[in-house]
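In what follows, a single structure is set out as C-alpha cells and then discussed.
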Amino acid sequence: MKRLYSFLVLALVAITLLPAQAFDPAKKYEVTFGGYGDLEKAYAEVFKSADFKAKYPNITVKFQTADFGGHHTRLTTILAAGEQTNDIEALEVGFIAQFVEAGGLTDLNAAPFKAGVFTKDIVKFAVANATTDSGSLIAMPVDIAPAVLFYREDLAKKAGVKMDALKNWDEYIAALKKLSVGGVYGIEHPSAVQAIPLNGGKGGWFSGGKPLEPKAKFVDALKLVEKVKAAKVDGDLGAWSGPWSQAYLDGKVATAVNGAWFGGTLRTWLSPEPGKWRVAYLPGKIMASLGGTYLSIPQTVPAPRKAAAWEVIKYLTTSPNAQLISFRAIDAFPALTTVYKDPVMDEPVAFYGGQKVRKIFADVALNIPENKVSEYDNLILGIWNGAVTSVVNGKATPEAAYADALKKIRATIE
Amino acid sequence: MTRRALAALPAHLTLAVFGLIFALPFWMVFVLASWPAREVLVFPPHLWFGNGLLENWQQLLARIPFARNYFNSFGIATLSTLGNIFFCTMAGYAFAKYRFKGRDFLYGFVIATMAVPGFLNLIPFYKMMVKFGWINTWLPLVVPGLAGAFGIFLMTQFLTNSIPDELLDAARIDGLTEFGILRRIIFPLAKPGLAVLGVVTFVGSWNNFTGPLVLLPKVESTTLPVALSALNSRVDNNLGALMLGNALTLLPLIIVFVFFSKRIIAGLTAGAVKQ
Amino acid sequence: MANPAARRQKIAPYVFIAPFFVLFLVFGLYPIGYSIWSSFFSMKLIGNAAPEFVGFRNYVNVLTVDPFFYQALLNTVILLFTGSLLQHFIALPLAILVNGRFVRGRELFKTAYFLPYITSTVSVVVIFGTLFDTNYGLVNWLIGLFSDGEKIRWLQEAPGIKAVLSVILNWKFVGFNMVVYLAGLQAIPTELYEAAEVDGATKLRQHLSITLPLLLPVIFFAVSLSIIGGMQIFEEPYILTGGYDNMGGDANSGLTAAYYLMFTAFKAYRLGKGSAIAWILFLVIIALNAVNRRVTRHLENR
C-alpha cells in the first residue's frame, strides 16, 4: 500500500514537473506516422538520410499507410471516438478546413512547440489555411501543389500554337481547338478546369456567412466549363481509368491542368519518354493551388510522444534536406520557401526538355492568394461538383446551375 | 451421344454463356496481376498474361509484410467462420424447433439488428475496444460477431424446413440430451446450410476493410486488404504489385468455396432428409 | 415439472440462443445506444465539448428541408428493385438448372457464378468502369455494331449510372442467391418429383407446383436479405461515382441513402444528423420487411 502510495506521488510529481515534456536527445523514441499514398516512400528516404540520422539518432519512425480515402476515414473515426491516434497524422488540404473548425489537433503555435518561428519561411497561403481565427496552427504544411499548365511541346509546334503566354481562357480554348486534330484531345475533361478560377477549390467557399460569394466568380467558373465543353476539345476521359491512362500513353492528350505533383505521374508512368512535355503558367497567370499535404499532432497523443513527433514534423517541414528529398522522390513540391533559392530550383529538367520548370512552380507557390476555409467547405464542394456536372452534361445553364447549388447549400446548412 | 445428354444441351449452353460472362472480370484480376505496373491501366484491357509477375512479386514483398498479413486475414476469417457455424446452428436450432416463451419477439429482435445501418457505430465501438485493450488484436474482429444475426436467420430458416420434428421426438425417446440432439442430429443434417453460412462468413470477414483499417493500425497486425491499400498511390506506381496482391487475396476464397460447395449440393439422390 | 428431461427441454432453447444476446449486450448495446443518443443532439463528428440537445430537430430537418434525403431514398428504392430484387428471377432458375440431375460440370458452373460475390468491390467497380466507358468500353462497342446513334455516356449521365449500378448489383449477388436457393432445393424430397413425373407433368409444371411453393420460405429469406442489404448499399455507388466529392454523380443519380448518411457524417461532419438518417433508414427497412412478410404469408395461404 505504501509503495503504491509513493508511486502515485511520484507519478503526480512527474506529471506536474514535466508539463513541457521536452524532447530528450538521450532517450530513444519511436514515432508513429499515419499517412497515405506516396508519403511513406518519400519520408522513409528522408529518415534514412545521413543528415536526419546525425540530428536524430534516437528517433525511429514507424509508418501506417493506407490509400487516400482509407487514411482519412481511419483518422476521423478515431478522432471522433476521442482516442489516441498515431503521433503524427498527415492530412490532405481538403480535410484541413474541418479540423480548423472542429479542433482535435494540437495547436502548434502554442508552447512548447512555438511553430511561429518556423512558419515565416513556409508559403503564406498554406499556413493561413491551417490557422484558426484565434491564431492556432493545427498542422504544418509540408508540401503544396501549385497549379500549372502542362502541355505537349511537339503537338503545340505542329499545331502552330504558343502555350507559354496565354493571356486568358479564350486564348487557351482557341489553342485547344487547334491542338484537337487527328485524334488528339486538347484536355482530358471539361471539369479539369472548373476549380482553377476558384483557387483550385481550396477555401473561399463560404465567406461572411454566405456560400458561393461573389456570385460572378462562381458563375464564371461554370461558364468556363460550358465553353470548354462547347469547343469539343475534350476527351471525356475519367481520371485514373484505363482509357484515360491509355490516352496519355498514346500521346493523345495535349494539355493538362494540374498541380506540380502531376509531373511525377507523367514522368513515372503516364508518359515516361522525356522531352515531350513543357510547363507554363495558367492562362492569365492565374495562381491557384490543387492539393497539398499537412502534418498534424492530434490532441489525444500523450505529451512525451508529442515532443518527439514535433521534432520529426519540424525536420520534415523546415529542413531543406527533407523537402528536397520528398520533391525528388514523389514530386511533392516544397512548402518551405527557403528551398526555392536552392540551385536545384534553377536546374534544367531533362523530362521537360531542359526547361527550368521549378522556377515556375516556385513563382506560383509564392503568389497563391490566401483563402479562408470554413467548416462548410466539404459540404459545399460536394454540391458544387453536382452543378459542374449538370453544366458539362448540358442540363443546366451556368446561371441555373449556380442558383440550384446555392438553394441546396442553404437548405443543407440550415 | 445419348438422347438424355442431347436434351440437356440447351441447359448446358445457357449455363456456359452466363458462366463466361460471370467469370470474365475475375479472370482479368489474375491477368492484370502478371503485367508490370506501367502496363496495368491500358486500353483495350489485357485478356492474356504478361511478363511482370516476378517484378510485381518482389515489389509486393518489399512494400508490405505479406505473409503476416495473409496469416492475420486467414486466422480472423477462420475463427469467425468456426464460431458462426457453431453458435448460429445452435441458436437457429432453438428458434426453429423449440416452442418457448418470447420466441417470436426474440427472433424478431435478432432480425431487426440486421436492419440497423451500422456505419457510424464504428466510432463508439472503437472507444470500447480501446477500453478493452483489444486494439491491434484479432479479438474485436472475431468475438463480437461470433453469433451473427445473419447466420441465425439462415440456420433458423434452413432447419425449420429440413428437419422433421418426428426425428427429434424419436431421439428424445432414445434418451439423447438436448445438446446430444444438436451434436448427433442437427449438425450432420445441417450441412448444406452450414456450407452457405461458412462461405458467406469467411468471405465477409476476408473482404472486410473498414474494420481492420481502424482496429488494426499496425501494419504487421493488419489484414491483407488494408495492407494492400498502401500500394494505391499516384506518383510512385505500384499498380502491378497491387493487382498481384488482389489476385492472391482471391485465391483462398476460391479454395474455401470449392471446399464448402461440395456440401451445398449433396446431390438430389442423397437428399438431406429421408422420411 | 419434476421430470428433469422436460425441464432441460424448457431451458435448452434459452441456453442455445444466449450467445447472441450476451454478445449483443456486451458489444452491440453501447454503440447502438450512442447512435440513438447522438441523433438527438447537434453533434459534430469531432470536437463536441458540450453537444446541444435538439430533440427531434435532426429528424425533422432530414424529413422536411433537406434537399437530398428523399432523392437518396428514392434512388435506393429504385436500385432495390432493379438491382437487388430483380436478380431473384435469374438466381432461382439458375439454381434449378445447376441442380438438374443431368448437368455435367456442376461444380465448375457453380464456382463461376459465385466468383463475383467473392471479388472485392473495388476490383468489380474498376472492371465495370472499363466495360462501360463511353468511348472505349466494350458495351458501347457492342451497341455500335447494331446502331449508329450517339454513344451512351453510361457513367456520366443519370440514367446510365443507375443502369450500371443495377448491372453490378445483379452480377455481384446472383451467385450468392443461387447458392442459398441450392441449399433450399436440397430440402425438397426427390420422391415428389418422381411422383409428378409418373403423372406426366412437364418440368415447368413440376417446378411451378412443387419447387416454388416448397421454396417459398427460402424465397422469403433471400428476399429479406436483399431488402436489408439493398437498402444499405454504399460501397458500389460510392466507388463508381468517385466518392463523397461527387455525391453520386450526375443529378445525384447514384446517391443512395447509406451514401448520403456517410456523406453527412464523414464529409459534412454532422454526426447527429447522420445518426438521424440511419434511424429513419432503419424504420424504412423494417417497414419493407413487414410488407415482404405479409406478401409471403398471403402466398403461403393460397
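The first chain written gets the first letter, and so on, giving A, B and C; residue counts start at 1 in each chain.
To be clear about the criterion, contacts are C-beta pairs under 8 Å (C-beta built on N, C-alpha and C of every residue); 3 or more make two chains touch, one makes a residue touch a chain.
Quick caveat: nothing in here was measured; it's all calculated off a predicted structure.
> So with touch defined the way it is at the top, what topology do the chains form here? Options are line, ring, star, complete, other.
Its topology is that of a complete graph.
> Please tell me whether B-C or A-C has the greater number of C-beta pairs in contact.
Looking at B-C and A-C side by side, B-C shows more C-beta contacts.
> Nearest whole angstrom, what separates the Cα centre of chain A from the Cα centre of chain B?
Result: the chain centres lie 39 Å from each other.
> Using mean CA coordinates as chain centres, what's the chain B-chain C distance in Å?
Each chain reduced to its C-alpha mean, chain B and chain C end up 16 Å apart.
> Quick one: report the Å distance separating chain A from chain C, using the average Cα coordinate of each chain.
The mean C-alpha positions of chain A and chain C differ by 37 Å.
> Of all residues in chain A, which are in touch with two or more distinct other chains?
Residues 73, 80, 241-243, 246.
> Any chance you could list the residues of chain C touching two or more other chains?
Within chain C, residues 130, 133, 136, 271 contact more than one other chain.
> If I count partner chains per residue in chain B, which residues reach a count of at least 2?
43, 45, 122-124, in rising order.
> For the complex, give me every residue of chain B touching chain A.
Residues in contact with chain A: 37-38, 41-43, 45, 122-124, 126-127, 130, 209-210, 213-214, 217-219, 226, 229-230, 232-237.
> Which part of chain C faces chain A closely enough to touch in the complex?
Touch residues, chain C against chain A: 44-47, 61, 65-68, 129-130, 133-136, 153, 155-157, 243-247, 249-252, 263, 266-269, 271.
> Tell me, which parts of chain C touch chain B in their complex?
Interface residues on the chain C side: 5, 8-10, 12-14, 16-17, 19-21, 23-24, 26-28, 30-32, 34-35, 94, 97-121, 123-124, 127-128, 130, 133, 136, 171, 174-176, 179-180, 182-190, 217-218, 221, 224-225, 228, 231-232, 234, 258, 261-262, 265, 271, 274-275, 278, 281-282, 285-286, 289.
> Could you pull out which chain A residues touch chain C in their complex?
Spelled out, the residues of chain A in touch with chain C are 69, 73, 76, 79-80, 98-99, 101-104, 235-238, 241-243, 246, 375-376, 378-379, 381-383, 385-386, 389-390, 392-393, 395, 407-408, 411-412, 414.
> Would you pull the chain B residues touching chain C in the complex into a rising list?
Residues 4-5, 7-8, 11-12, 14-16, 18-20, 22-23, 25-26, 28-29, 43-45, 87, 90-91, 93-95, 98, 100, 103, 106, 110-125, 128, 143-147, 149-150, 152-154, 157-158, 160-162, 172, 177-179, 182, 192-193, 195-196, 199-200, 203, 207, 225, 246, 249-250, 253-254, 257-258, 261-262, 264-266, 268-269, 271-273, 275.
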